[in-house]
Amino acid sequence: MRPDGRTLRELRPVRFERDFTVFAPGSVLVSMGRTKVLCTASVEERVPAWLRGSGRGWVTAEYSLLPGSSRERVSREAARGRQSGRTQEIQRLIGRSLRAVTDLVAVGEQQVTLDCDVLQADGGTRTAAICGAYLALHDCFTRQVQAGLLVRHPLTDTLAAVSVGIVDGVCMVDLDYAEDSRAEVDMNVVMTGSGRFVEVQGTAEGAPFSRGELDELLTGAAEAIGVLLRQQAEVLAEPPAPRR
Amino acid sequence: MRPDGRTLRELRPVRFERDFTVFAPGSVLVSMGRTKVLCTASVEERVPAWLRGSGRGWVTAEYSLLPGSSRERVSREAARGRQSGRTQEIQRLIGRSLRAVTDLVAVGEQQVTLDCDVLQADGGTRTAAICGAYLALHDCFTRQVQAGLLVRHPLTDTLAAVSVGIVDGVCMVDLDYAEDSRAEVDMNVVMTGSGRFVEVQGTAEGAPFSRGELDELLTGAAEAIGVLLRQQAEVLAEPPAPRR
Amino acid sequence: MRPDGRTLRELRPVRFERDFTVFAPGSVLVSMGRTKVLCTASVEERVPAWLRGSGRGWVTAEYSLLPGSSRERVSREAARGRQSGRTQEIQRLIGRSLRAVTDLVAVGEQQVTLDCDVLQADGGTRTAAICGAYLALHDCFTRQVQAGLLVRHPLTDTLAAVSVGIVDGVCMVDLDYAEDSRAEVDMNVVMTGSGRFVEVQGTAEGAPFSRGELDELLTGAAEAIGVLLRQQAEVLAEPPAPRR
Amino acid sequence: MRPDGRTLRELRPVRFERDFTVFAPGSVLVSMGRTKVLCTASVEERVPAWLRGSGRGWVTAEYSLLPGSSRERVSREAARGRQSGRTQEIQRLIGRSLRAVTDLVAVGEQQVTLDCDVLQADGGTRTAAICGAYLALHDCFTRQVQAGLLVRHPLTDTLAAVSVGIVDGVCMVDLDYAEDSRAEVDMNVVMTGSGRFVEVQGTAEGAPFSRGELDELLTGAAEAIGVLLRQQAEVLAEPPAPRR
Amino acid sequence: MRPDGRTLRELRPVRFERDFTVFAPGSVLVSMGRTKVLCTASVEERVPAWLRGSGRGWVTAEYSLLPGSSRERVSREAARGRQSGRTQEIQRLIGRSLRAVTDLVAVGEQQVTLDCDVLQADGGTRTAAICGAYLALHDCFTRQVQAGLLVRHPLTDTLAAVSVGIVDGVCMVDLDYAEDSRAEVDMNVVMTGSGRFVEVQGTAEGAPFSRGELDELLTGAAEAIGVLLRQQAEVLAEPPAPRR
Amino acid sequence: MRPDGRTLRELRPVRFERDFTVFAPGSVLVSMGRTKVLCTASVEERVPAWLRGSGRGWVTAEYSLLPGSSRERVSREAARGRQSGRTQEIQRLIGRSLRAVTDLVAVGEQQVTLDCDVLQADGGTRTAAICGAYLALHDCFTRQVQAGLLVRHPLTDTLAAVSVGIVDGVCMVDLDYAEDSRAEVDMNVVMTGSGRFVEVQGTAEGAPFSRGELDELLTGAAEAIGVLLRQQAEVLAEPPAPRR
């Protein structure tokens, strides 16, 4: 049994608050247990230099931990003058994952940036960000289709992610901060609605892991992602309110 | 009459959501109309070099606009590699204002950082941040007194702030983004509960302003700050819940 | 009585040395007591991106303290890799103040940069810089009109600035470094020849200040600025020598 | 059949040139096909702040592509002023992988930095770097044991890595640059001599991949890593020549 | 004959204005023709880490061109975020040259920084800076001896520098900006009072130069440096006024 | 006699390994004794802004010490965020030297960058880099002429460099690290095949040097450079193998 009473395969309570803010065309505050990430989708005309004139768009992501989001204050990267290696690794993961289910031609020559800012960090922030960012991106595109700016919705599949790990030799799903800091193995898994893998990142923080343990982790992840996909679908069942 | 129906001397609806996040010892989500700023107070052992061994503490502030907080995406300062001049000016204002009502000896050799991150920007973000940061700082010190870490509460007075301005020749209080972008004069005023000024910053964006207009702006500001002080007092009437 | 024998409302001796250097189209070494600031106006074809094609010009300012300008050496910002918050705040103030009396259409699509470098710092450097920079800008435009590059002189009014403050409870004008470092309240005031305010920045370093004290400070400032405006007028009575 | 005639499960020719340079206590030039990475192990007294006085050492890595290492010149990160996200991701991977087989207590309070500089890049640079860095680290520790600086050899297991991927739907091992740039799926796998996983990083550049494809990739990787481990063992059969 | 009427071996008019500013313990405004450089010597307790506890002091230099010093505005390095290669090369040359005639043990564990800021640039700024910085350093040490802070004067010899070059095939001394920009060869020479070389830096901007031309340049430089040394001696004949 | 048995005028063993790497159009690993520098020539379409449309090309250089190249680890400039003053000084020297023997019109509107990365540093790295970079540049241009991209070979002369110095009062040629760290005078000399000087940089690290010593150093350098030019000529006797 886990400190907060969950079973090994059980997700923390998940909430997607749509349009938590109203200026960005897509905005979702995602909570997984005590982890809270504000994900906004913003659209800009200009695309990266190498795409200009190609007719293709781009989807990218940026991530940060707000200094007051954790038990110990995290120094502000803007004041320090650069993003940490961890931040760059996470925002590249979020960007890659979203692009894997996006038809960039359908996006047209514009850039959508998903800004994922962690308001409260209790473990699993990058995978929560992917789930929230997907919804924000979906709303953003839906609104562009509603406004006649896009012909068809560029998202080709649904997408969700979860972190899994081995703590005291036991495989478990959706680790909170306490569990994550004691995990021997920590794995982030991103999958599409069609049940295929977009990203598998497993790291042995302590003892290396066996092929059997790897398989058990992947199975747990697939199951949890299924639950998340259904919850996303419930949110998306209703189109977002149009932006005045 | 103003676009949103307010009178010239009327504040936008104000809300202080205490403990919006739970890891920082002080956390307040302040909303003034559609402006939303998350203010957290975090405590660190180390003090700036010039205070080491002095027995005195320090209170400082950092500020940012989340990229998705405005209609146009604001580039992320951490990715650009440095804070803008505007950001530094605002966080120095917030820090100075809070220190003006703080007995640094009573704080003891520790540093409290108020992180003010704008989730949604619709004008008056710096003055809203000051109001929210004061409450977050107050809760942080109250909890330290409750936990026996501080002998007495270091705040020596209450503190609030509001932005005022002249739009089409008319003085008005608590400008939203639309009004602020058309203002000929824009002024930020910070005052204590005892009715004295901590900061007065007035700038002629268009035509310079007369002494009479300056007086009218100060009067409007003082009145609005009175309202804000009363709302803060209602929040502080109950001590914050102790942190587990 | 003040340490250097001045009355409370008396300015330090002011000197404007025109064309202290000869390559920049406007160059004034301004001294206020022992504070010396070299202000140069340089013209560049390119304007900021958002003004290209608008037919409007731009006036901006940059500021620095030379490392050897103060009693303690000030580390060189270029070696440290960035400008301090204070530097950015001051150069934004100088830029705003000058633009308040400049018809940017009359400037035409060019950028004039006022570089204000403090050779010797004894308090009131930012307000001395504004007085010197105004004259350098005036000479620069006069020379452009003389050379037929501009149709009419873009400056719409005269402009001067002074720092005032409260030391040991007493309001006084044009504080030197010793007085400034003991001031409870420090205020910078920028006004036009027409007697209107361009900028009012008052900060309580120690105890907050009353509305009465604010009024007294503003009156003292207005009077001193009148004196400065007359001294500027004497300099400008003669057009600058044309540049070979 | 692959362009260079290899079978799907066949590694490119591997060469480990020990002591390619002579000043660093460990130095190996590793070639995998036309990829060449110079890996050096350097020892420094100081350890990261959080380890001081803990009696534990630290092993970390830094990585770069020499500007002339690829067909198109890669801009020099030192001249640009910062390391790219990709560089930071790779050097964190190398550091984590080496620490997974290192007894940090046995290292003692010193820091060993593995510098992996790619002289020639033809795909699989990060996994080649891990193989070369392991040997350089091994030699460095062996020399410290020979010189009586260390009581026992801190490496607890052998370690090797390989990149695998799916190109035109076909799983293959040790992709060169041409294959890697066309791969739909790209995976880096790091394993110990005991056949357990230290790191599994799989990314769908094009279409997402199935669980079956994931299994086939892992099997291919394990086999290739076995070959690499045997080649490393041959090198390590002889102790490195002592440093004069 | 040269544009300004000088002979080939003739220096421009040289002026050393002692104590141009009064807060730094050494301050000299040096003019060579229209080149003006403000050189100040500032003393700081702390020495570089590698000298701590060695009982030896350090002398170093920093250099900059004020943005308004040249015909075209020079962008401000502090705003750009780093010093140019040229700036670093020049300040290292000034530092090395001064240390060559300084007994660092006699300096004691303190650091003297010579800040050389070019107010007006018309060629030969680095060699003018060396001449001015030597005098500022000399005054700074003299004042420390007067104040009993130093036992003996640390300067072991006099020091001066001049730039020479070949323009249209003709060797000449002390090039101004117009001559320097057309020079095929540009050489900076630093020598001591004892007639020995501290630094010789010759660069072929156009056609390479012969051994004979090199000799002629060195002879011209030695002669001009003799003149400069005599002018410095005249200034140093009187001790600097003590600092209040 | 010198520690490694050489006479005062004798070079260390020199080796030029052509095409050490195969992707850059010019690549030479130069060894002088235990100093090893990898020099690559890379071609890029874009030229610096001020040359666009001029029909002229540009040749520039960048330099670095690999962290593991010296006895003590050198911190990686990319991780530190900027190049040191020494690095910038050296790469500007290499660039200037190569441009002195290059007809930039014949290069056409392209930029060739010589990247000189020191794999092993035992003194004289900058002059070894110049010798190696010249060969790499020569091969690069030869291949462009072979491929019909250039009409004629842009190099107008041969070029070599050597470091000389005075150790314990004795002039010697091609100092290794041990000799260089004890040298009172250190001089780098760059000459063309026609026996003329491109660069002469002499610095008194200890006691200043006399005109006689300067002459002796230049004579020793000219002789050694003659030997180096002959060895370069042997390499260039055969054209480089064409690039597949």
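Before moving on, here are some points about what is shown:
So that you can tell them apart, the chains are marked A, B, C, D, E and F in the order they are listed, and the count of residues begins at 1 in each.
The rule is simple: contacts are C-beta pairs under 8 Å (C-beta built on N, C-alpha and C of every residue); 3 or more make two chains touch, one makes a residue touch a chain.
Source: prediction; values computed, not measured.
Chain centres computed from CA atoms place A at the largest separation from subunit E.
Chain copies subunit A and subunit F are related through a rotation whose angle, from the C-alpha fit, is 120° to the nearest 5.
Its interface matching that of B-C in over half of the contact pairs by residue number, E-F stands out among E-F, C-E or D-F.
Averaged C-alpha coordinates put the centre of subunit A at 29 Å from the centre of subunit D. Here the spacing of subunit A and subunit C, counted between their Cα centres, is 50 Å.
Of all residues in subunit A, those that touch two or more other chains are 81-82. Taken in ring order from subunit A, whose neighbour in the chosen direction is subunit D, the chains follow as A, D, F, E, C, B.
Listing the residues of subunit C that touch subunit E in their complex gives 20-24, 27, 34, 36, 38, 40-44, 62, 64, 66-71, 73, 76-83, 87, 113, 115, 117, 119-122. Contact residues of subunit D toward subunit A in the complex are 82, 85-86, 88-89, 91-92, 96, 100, 157, 187, 191-192, 194, 196-204, 207-211, 214, 218, 222.
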